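Report on the following structure.
Every chain is named by a letter (A, B, C, D, E and F) in the order it is written, and numbering of its residues begins at 1.
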Amino acid sequence: MLLHLSTWPEVETYLNTSKGIIIPIGSTEQHGPTGLIGTDAICAEAIAKGVGAATHALVGPTINVGMALHHTAFPGSMSLRPSTLILVIRDSLTALAKAGFRRFFFLNGHGGNIATLKAAFAETYDALDPLTEGDPLRCTVGNWFMSRSVYTLAKELYGDQEGSHATPSEVALTQYVYPEAIKTAPLSPTVNSGHPIYGAAEFRRNYPDGRMGSNPALATPEHGQRLYEAAVKDLSKSYLEFLGRD
Amino acid sequence: MLLHLSTWPEVETYLNTSKGIIIPIGSTEQHGPTGLIGTDAICAEAIAKGVGAATHALVGPTINVGMALHHTAFPGSMSLRPSTLILVIRDSLTALAKAGFRRFFFLNGHGGNIATLKAAFAETYDALDPLTEGDPLRCTVGNWFMSRSVYTLAKELYGDQEGSHATPSEVALTQYVYPEAIKTAPLSPTVNSGHPIYGAAEFRRNYPDGRMGSNPALATPEHGQRLYEAAVKDLSKSYLEFLGRD
Amino acid sequence: MLLHLSTWPEVETYLNTSKGIIIPIGSTEQHGPTGLIGTDAICAEAIAKGVGAATHALVGPTINVGMALHHTAFPGSMSLRPSTLILVIRDSLTALAKAGFRRFFFLNGHGGNIATLKAAFAETYDALDPLTEGDPLRCTVGNWFMSRSVYTLAKELYGDQEGSHATPSEVALTQYVYPEAIKTAPLSPTVNSGHPIYGAAEFRRNYPDGRMGSNPALATPEHGQRLYEAAVKDLSKSYLEFLGRD
Amino acid sequence: MLLHLSTWPEVETYLNTSKGIIIPIGSTEQHGPTGLIGTDAICAEAIAKGVGAATHALVGPTINVGMALHHTAFPGSMSLRPSTLILVIRDSLTALAKAGFRRFFFLNGHGGNIATLKAAFAETYDALDPLTEGDPLRCTVGNWFMSRSVYTLAKELYGDQEGSHATPSEVALTQYVYPEAIKTAPLSPTVNSGHPIYGAAEFRRNYPDGRMGSNPALATPEHGQRLYEAAVKDLSKSYLEFLGRD
Amino acid sequence: MLLHLSTWPEVETYLNTSKGIIIPIGSTEQHGPTGLIGTDAICAEAIAKGVGAATHALVGPTINVGMALHHTAFPGSMSLRPSTLILVIRDSLTALAKAGFRRFFFLNGHGGNIATLKAAFAETYDALDPLTEGDPLRCTVGNWFMSRSVYTLAKELYGDQEGSHATPSEVALTQYVYPEAIKTAPLSPTVNSGHPIYGAAEFRRNYPDGRMGSNPALATPEHGQRLYEAAVKDLSKSYLEFLGRD
Amino acid sequence: MLLHLSTWPEVETYLNTSKGIIIPIGSTEQHGPTGLIGTDAICAEAIAKGVGAATHALVGPTINVGMALHHTAFPGSMSLRPSTLILVIRDSLTALAKAGFRRFFFLNGHGGNIATLKAAFAETYDALDPLTEGDPLRCTVGNWFMSRSVYTLAKELYGDQEGSHATPSEVALTQYVYPEAIKTAPLSPTVNSGHPIYGAAEFRRNYPDGRMGSNPALATPEHGQRLYEAAVKDLSKSYLEFLGRD
């Protein structure tokens, strides 16, 4: 059930049986010479819809721009500053909390969002405490690319060539979702890896084509489907556990 | 050309011929008993894609949550505060401006966003001035529902029953885009109108089912298609004029 | 009744019969070669006093500096950023709301303030909601230069030479209020108009002497008096309607 | 020379001979049973105009609402929070600094503003440093009620009955400026003094009619004139010294 | 009793008999060629511990970095902006207020903190008012270097060579606390004084070695002990008076 | 070399050979019935001094209050909000970066700080980019309790009774540093573990005495010394690697 395709009376009815909502969060950032700039949002949104269907959960609108300041030396990347993203999370949850939502599951497609999301959760618990006293909010992040089945499958398919950004697994997933947007480009056989992430200029110097240790040429739409199914399975379980916790 | 379905080298190439980008902005808010909560985002995104196709313009990711504080007494509505939305606009444009973009056309689906967008533009010009000196940014809002052809067609189709929120024209457009999500519900024959908009509680008191003077039961997917085409035509012209201004 | 010339017990008494207050807001910005930098504040304050006298309303202190970032390439202009002006409005209303005021009528002298004021109202309703629950605030903007009688009279007096900034009508009104400060300077017979407003540098490039399509040389103090009286009449009616709304 | 009664070319000319500007800052707060709510703004503005006339200095628009949170339990008081006032000061100086102003003399009518003004100066030096490098800003506060001549005269006229808020000297000065707004009310012969200032509720509990150790019934317009002249003399000297410092 | 060396049940017990806490605040800033960069924090912390021991008060953790923007042209200096320090004070008091603390005595080692602390107190009273209604917070600053006994002793020991920054008295106090960190360096016999403080670059130009009119070569650890004892005596009295006020 | 026990000329000299600085960051929060509220700050500061001595690095002042909102239902806990801590980090680094520092190693004693620190680093790189262009900043977090040797030793000493908050290893380390402040109290033999962390009220409900799965009664000062030495060894290596990276 998608919030954007629902009416307010439908949401009112939904709240009679569940206080949970899944919010996809991605990023708008370079993903190497062949990866889509929307990769992280596309993956998060697709998997969120799958989890929503599997668990009868409401799925909110995708947060398309995340915390990607370190990618902003590549054209087409966009980012919120962490302090802005904290406000976006806080504001986004406020009206939902007033309406009765209490379990917020952020289905996340971008590693760079994790720290800011955790900071935002703490800030939000504190800010909304007067609103929800006695029945407080809970938030969690589910990172599809870190779920066990996805991780295992990616290792099996790509081994060391999975890398850590513009990975074949995320590229494969976008190929499954948007087969009409599969890109090819010559990829240098050697690719940097292992550099810590600091600011945008250093990132581009260290990773000149945007990949971090990955070989996205290995990706196929079929892999993407398998990864998608693995992610939906794992994160559906995570979501239900999250709802069921005492 | 969609930013989310492009790679960074493709964006780099695009910047050789254009400094313009279209950014759809919607809202996540109640649209009466039968209107989709995502109506404003759905319309903005669909029309932006149409305009992008017609004008060979790059279309950025949709801002799904806008300024809808006055709708937040209805379950399922979400909102950023104006001060947060200003930061979102400013941050979102920063990396694009560093990359060379200079013309930002916000294709807007929600009247409640207009004031904050205008405030955000002023704030952004000022904040990014040191970054862009000598070649400053320009931003504009294109409101599809206020374009001449759309306005004329809506009047012709619905007359006074168009109203000003949860209108048959926006509902029709979502029916055209998502025919699988057409909703029906009994609508009271009388509907309030004319109350000024203040806070969320007053809004709901004045407009108990969320509609403002509208009869969305008149909407059809066929109307939606005609409205869509009218909007794409008008806003493509607006976009090209915006790019071409000296 | 002016807040600044009242005592707190007088305000306490006033609150027994009215919850309304008029707050003049102007700007401190260039108004062409002959217009006063304080034009917008002078007009707003003078008309606010007139409306206060006509309607027995309390008139608060003038907000002298508004949102005029686009004028800041001319010496003597001052501006708040929109995000700052939002905080000023919010803070300014907080103590008044605690004291019992509920109807805030901003008598506005500057078009550039309108968007930010509307954003500020939404932000303020939300922020002060815990303070005023059950008896919420209402805010509105009354733009004297857009009132029907003023608009009609300005058209009649100046036709197309009214323009849209440093207009003869606003200059006339300041001449009526401060006849000792009537300025003259050679004005080029041609004057630019029609350029959209972006940042400060572009504004000055497009409007090199600060006028936007206007011929302020047509202004006279007598016109100013007529415009003042038209504005007071119209806005007194607006204020009383605002108070009387259910 | 008043900024509000000047044109931008006049300001441009002024900047050829001086980089200094006087900015009156007051407050909108209770001043006891007979003192005007605008007392601090009225005094600051009147004296600023006097100093401007005496020293040929430009006088900017009055900041009417200051930091008066502790007075907000009395109806009619208004306040900015300190963090907001810091932003107001910073923003207000930005465009003036871009235009070439370098010496900002805040003529202050309210003790409660002093701490925040000093904080704001530090914040502003830091924020505007990239704008002004090599030729930095200087700001100072001139508190008329703490100038030597005023202090001496107030002691001579009122002795211990001067008190520290709603003082006969500030009331007298407003009587001189606005003789038509002289208020009378029964004043209890005993009046509290010596309580430190904490929040608004404690302030009102400690000072139930708003006076702090003062007897404003002693004020006369003639005293007001003498105090005004003493203030103008002292602060004109201060302003010139401030300009002349190396 | 030091908060950092206590357990939460010990704090719970403490709250049965006192609602007061002492919070040392210093700065991290240059103190001339021989003064320690941590001078202000070292003095504030040492004296706070002494006052805590003498009055059985709880002593919180030291705020090591204060408002020292004007010292930041010297290497090793650090500063918060005033607006940040206001947030730090507000946040720091929030949880303590929720736990029941009501009297906050800031033992301050740095003149540059005073204005921002006062601004922060006003901001905090306002922000925490909903939390503490009926039993509001009180905050005060105790500046050890301005206490009567310290002032008298410093005058007696150093006369005019006390100066106003990198003073022999504060250097002596650090020598008493950290005898292993006594520094020597050639000091020019003449030292500037009397320049007002504006931004960092001007400060360094006016005070090239960082001293303001002082001769820290006069300091001895023995002086430091006497100054320490004077400060503890005076501020213990101040703290108890602060607690005892009605 | 401690920044607080250094003079500015000493820092100037240090910068000739190193651009690195270690900044200890702790927290002020409950650590169970026997753990010190300052545990995280005490450990971070002690280990930072050890690492500084071993590597000839400069050690900055300790940030005593961190992000501990979830602990604030226990008396004596203090916290900054994440958005405030981001500003504190940004401000704290600004003047150091102006002075030439480029490598910031945060020696961290509190798991709850990690997410906000990472968010703060991204925010800071972006904010200080205009200041440091061509020679950008790098920041990293070294968490002593997560270093390999510490982890191994803690497992060896305490096995499952190490837990995850108020652990015997951190308690032991404080016992080694402050043997005079060893606390005892009856500890229930069973202790909760495994609950995710949400807001403060839930935390206290889940962990009623503040411990998370730990048995701090196992701690001894001798263990503390071994843990300290393990931490200093590991983090000295980390710091040097951080400095040496290209």
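Heads up, the rule we're going with is that a residue touches a chain if its C-beta (ideal position, glycine included) is under 8 Å from a C-beta of that chain, and two chains touch if they have at least 3 such contacts.
Bear in mind that the values here come from a model prediction, so they are computed numbers and not experimental data.
By the document's definition of touch, subunit B and subunit C have no common neighbour. The best fit of Cα atoms from subunit B onto subunit F calls for a rotation angle of 120°, in steps of 5.
If each chain is reduced to the centroid of its CA atoms, subunit B and subunit D end up 46 Å from each other. With each centre defined as the average position of its C-alpha atoms, the distance from subunit D to subunit E rounds to 29 Å. Subunit A and subunit D have Cα centroids lying 53 Å from one another. Shown for subunit D are the residues that touch two or more other chains, namely 69, 81, 87, 130. Of all residues in subunit C, only 67, 69-70, 81-83, 86-87, 112, 114-123, 125-126, 129, 133, 136-140, 196, 198-202, 245 touch subunit B in the complex they form. Residues 2-12, 15, 28, 30-38, 41-42, 60-65, 69, 72-81, 84, 87-88, 91-92, 94-96, 98-100, 178, 181, 183, 185, 210 of subunit D are the ones touching subunit C in the complex.
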